[in-house]
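Chains here go by letter, A, B, C, D and E, matching the order in which they are written, and residues are numbered from 1 within each.
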Amino acid sequence: MAWRDDWRRVRAIARKDVTTELRAKAGFNSTASLGVTILILLGLALGPDAQALRDAAVGAVWLALLFSGVLAFNRSFQVELESGALEPLLLYPGPRWTIFAGKLLGNLLFLGLMVAIVVTVGVVLFSVEIPARWPTLLGVLALGVVGLVVLGTFYASMASRSRAREVLLPLLLFPMLVPALVAATTASKALLGADLMHDADAWIRLLAAYDVIFLIATFLAFEHVIEA
Amino acid sequence: MAWRDDWRRVRAIARKDVTTELRAKAGFNSTASLGVTILILLGLALGPDAQALRDAAVGAVWLALLFSGVLAFNRSFQVELESGALEPLLLYPGPRWTIFAGKLLGNLLFLGLMVAIVVTVGVVLFSVEIPARWPTLLGVLALGVVGLVVLGTFYASMASRSRAREVLLPLLLFPMLVPALVAATTASKALLGADLMHDADAWIRLLAAYDVIFLIATFLAFEHVIEA
Amino acid sequence: MNVADWSFDPSRTGRRTGIWLVLAAVVVLMATQTYAITNSPAEGDMGHLQKIMYVHVPAAWMTFLSFFVVLVFSVSYLWRRRETDDLIAASAAEVGAVFNGLTLALGMIWGRPTWGVWWAWDARLTSTLVLFLIFVGYLALRGFVDDAGQRARWSAAVGIIGAINVPIVYMSVMWWRTLHQQPSSPSTLDPAYTLGLRINAIAMLLVLIYFIRKRYEIARLERAVEHAAQSAAMGGR
Amino acid sequence: MQTGHGEPGMKVSGLGKRFGARWVLRGVTLVVAEGEAVGLLGANGSGKSTILRILGTLLNPTVGTATIDGLDIGRDASAVRSRVGYLAHTPGLYEDLTARENLRFAADMLGLGYGSVDESLDRVGLAHVAGDRVRGFSAGMQRRLGIARLILRAPRILLLDEPYSNLDAEGIDLMNSILGDIGRSGGSALVALHELAPARGILARTVNLVDGRIEPAETTLPLRDRARPISVVR
Amino acid sequence: MQTGHGEPGMKVSGLGKRFGARWVLRGVTLVVAEGEAVGLLGANGSGKSTILRILGTLLNPTVGTATIDGLDIGRDASAVRSRVGYLAHTPGLYEDLTARENLRFAADMLGLGYGSVDESLDRVGLAHVAGDRVRGFSAGMQRRLGIARLILRAPRILLLDEPYSNLDAEGIDLMNSILGDIGRSGGSALVALHELAPARGILARTVNLVDGRIEPAETTLPLRDRARPISVVR
């Protein structure tokens, strides 16, 4: 019984977040467009040499996901803070990890959709050739996104309640994401055949371990973080 | 007499913004640290090839300024919105362009300081060699920052009052900044001797024209935008 | 702000001229397509792929035209504060974004077999994409603002400032690429294709006008419904 | 302070306001004479705040006009703003600045000297926390600081939205003395409120907002303790 | 609904709270018996909201303890939350959701069926705007929606922070009927307020918060119209 109630809470939070996002008309569309805009900015800042651009493709896609993801994570807790909705949320009975799980689920859905768009555009813009091992590449992408969302949601729960929220979240998050970023880009490059010196598998294992470790750690830590 | 009152208003707004920023503990420090963090991320995403990094240095510095600047601009109007301080601000008598000028001045001071830090770190991180024409390089930097702040402040005055503020500001701002970004990076690269094919002067003229045009345009348009 | 001068009769919305417009557009479009496709020779490098040009290029022209309409009516709105100007600007922006997307899509479909890539960081391509993003920003802003007056003023400002930027974007991106090898974009055009191109452009223009008109009429009808509710609420004053 | 060059007081005629498809105000007509403080009553959601926001030039009316001291709120918005003091539901303070800094900022924006700042703070009973940041202020203290900003320059016209809420007995007396001053100096005030008890003896009369219009029959003194609007807007 | 397994009501003893270097509460001791609604009076900034926030487990006390239905607010925070209904100065609603969606979300979080949602909306008089987004709601309508969420599950214990503010006459009656229900069902309520008029006949007694302590002499019925605290915290 208890886990059913918990699951209902998780779903309610995720549904509310996604509804709000969709209702703030084009909240999703514009985040995705922003991802594309960032890709172009990166292209312009790094170009115009075609080969240099192709080499930068993987990094650019990850950076675009990172930057637009940060904005989405911050939004997801800011919705609670506007007009003080966080207090009622904390006052509901039941375990607090459900709040984290709900937010996580909402953000995962949101970012998952965005990844689909940004990656497609990135592949086209930077003329990336799709390799034979593309399912593995998708796996790398998924693992990377999970890492991003887990840590992003966790840090947003703190940062968005501080006074310098816009700035604090990326400041806390980006350094923590360095391993995920390095692993994801290196693995992707290896899979794309651009980088012959590295073996993708080792990096994928690192990425998976990273996800598992931080998933557990953040769930355990959230209880303490969310407390008033 | 009237212009003295106006100037007093401009100063009051800028002073208030800077005070708030400094007082929201480390509001400035953390924005600057964020700029540095983004530099590092760019380095990691694009690396590890040393030559590629050196070529990317200028672009990376500008991107770091862009991304952390966007957060600062949004903050500057969000301070007004929290607890509804924008309404009293609009109710003060006197011309409304003083509000824009005050915000502009505050953001310029803020970003000016940040540029000093991010550029210094960028030079060190990416092993950039300082060229003989470094005063011109500083001029390019200044022109670029002015363009960034003028358009950033203007769009933030709208975006921060809309429903999707975090996302809307970069979405509106980044495409508009493309000329400034391209001009600033290309001119800087030319001055650094990395790009022998382009002539810096033409780009500097473009950048200066860009600044003047949008300074005038935004001052004229602000009156319409700030209205309730 | 005055309601009384808002005489709007839905039965007189010019549906008839609308029908003539769309009929003309469709007929001209089909005729010119047939003419252009059957009459123009297969191009040397590209073969019949070249036919994409007949839609791609006029679509690009229509994009520019739409943005110009947005600019004109945005200025007019800020000057005269007439709601109709805002509605026309918004309609033009929406339709312009569609044509802009079409230009991009057709260009990419064309580029794949001719250049071997979907995308190149060429000046014209990049500036077209940036223009598209400026449109997207404009439309997103409209979506995020609830108050009609505020939405009109803000989007007018964004439309004007965006339009000012278009030539600057184009210039900067072109210089950015100047001394590098250009993708083989055939900007020199064989006279064999110009006639087909011109009449296609006329057909597209008709389509554009029809779309903007239709979009504007929808917006006006929405307003009319609100205004009808207004007189009811004010008790026939 | 400037004085009005037109007819003093407020004149509202045929004011209508639509939000989306819903008409909240449907032709509000109302006159507030010189030296008068008028209570604006009405059920929750009847449109009291909307009227005040329109008069304060924060919102444009959909139809209708209003003048304040003879100045049109649309065309002469800037002149109107320079003689109107508006107190909203929320105080609109900068939370990271201290009480004194908030008022000094207001003085800068209004072109006043800093002398009046400490005077105002003293009058609203916040002198002892003048150097504290507003962030930690209680609801009533924030309200008082909002009142201090209001009286920084003595405005001729007051638009007050439930001014007594969150205030303790001392705060209510303060509010009443401000309204008394307005009356004596020939200004005028429009005060939205639900509970009449705190304003006893202060308001010249009250009007009822029902169905988007001011009810023809005005309640006059003596006031009942609690105003019961006759019907509720649906 | 669960019922308490300890002593019913609230027991506060020696509660102290420090913000920075300043002691706002200096040993608050107070008992609210079963079936009792107690008014908490005090000047602006005296610490009323702070007490309610501590009892609602939103803030930790610096010293002292409190129990609710015999449950310690520190150790059994989660159990306390499941029986306390807390109404703050701000309503804490999601502005982009409709009134009904806000309540459904609350029902999900509380593990209740959706049946009670429309019932609650009806009781607070918002049934006609159930499908409207909260963003456009007036101050009083938001307040009412907050009350609807409060009564979604009938909580045994109510902590109300100036519950009458922004409410019209009808809203005040509603609030009073909720307080009446609490009394009859053996729950208890602590109500911070300034103006006693709306609560006439509802509160069993009031206590005064002065200088961070509850004044020894309690005011009992009959209530005066307006509560004047004897001294003001400086």
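Methods note: contacts are C-beta pairs under 8 Å (C-beta built on N, C-alpha and C of every residue); 3 or more make two chains touch, one makes a residue touch a chain.
Since the structure is predicted, the reported quantities are computational estimates derived from the model, not experimental observations.
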item	value
Which of A-E and A-C has more C-beta contact pairs	A-E
Centroid-based (C-alpha) most distant chain relative to chain B	E
Chain C and chain E: spacing of chain centres that average the CA atoms, whole Å	57
Whole-Å gap between the CA centroids of chain B and chain D	39
Chain A and chain D: spacing of chain centres that average the CA atoms, whole Å	47
Length of the line joining the C-alpha centres of chain A and chain B, rounded to whole Å	26
Per-residue overlap in chain B, given as positions that touch at least 2 other chains	24, 163-164, 168, 171, 174-175, 178, 182, 228
Junction residues of chain E, two or more chains touched	96
Sites on chain C at which at least two other chains make contact	130, 133, 136-137, 140, 144, 146, 173, 176, 180
Contact footprint of chain B on chain C as seen in their complex	78, 130, 133-134, 136-137, 140-141, 144-146, 150, 153-154, 156-158, 160-162, 164-165, 168-169, 171-173, 175-176, 178-180
Touching residues (chain side chain C, partner chain A) in the complex	108, 117-121, 126, 129-130, 133, 136-137, 140, 143-144, 173, 176-177, 180
Chain B partner contacts - residues on chain D that touch it in the complex	56-60, 78-79, 81-82, 84, 86, 88, 90-97, 101, 105-106, 108-111, 133, 149
Sites on chain A touched by chain C in the complex	24-26, 29-30, 33, 36-37, 40, 43-44, 47-50, 53, 124-127
Footprint of chain E on chain D - complex, ascending	19-20, 42-46, 49, 89, 125, 128-129, 136-141, 143-144, 162, 164-172, 194-195, 197-198, 225-229, 232, 234
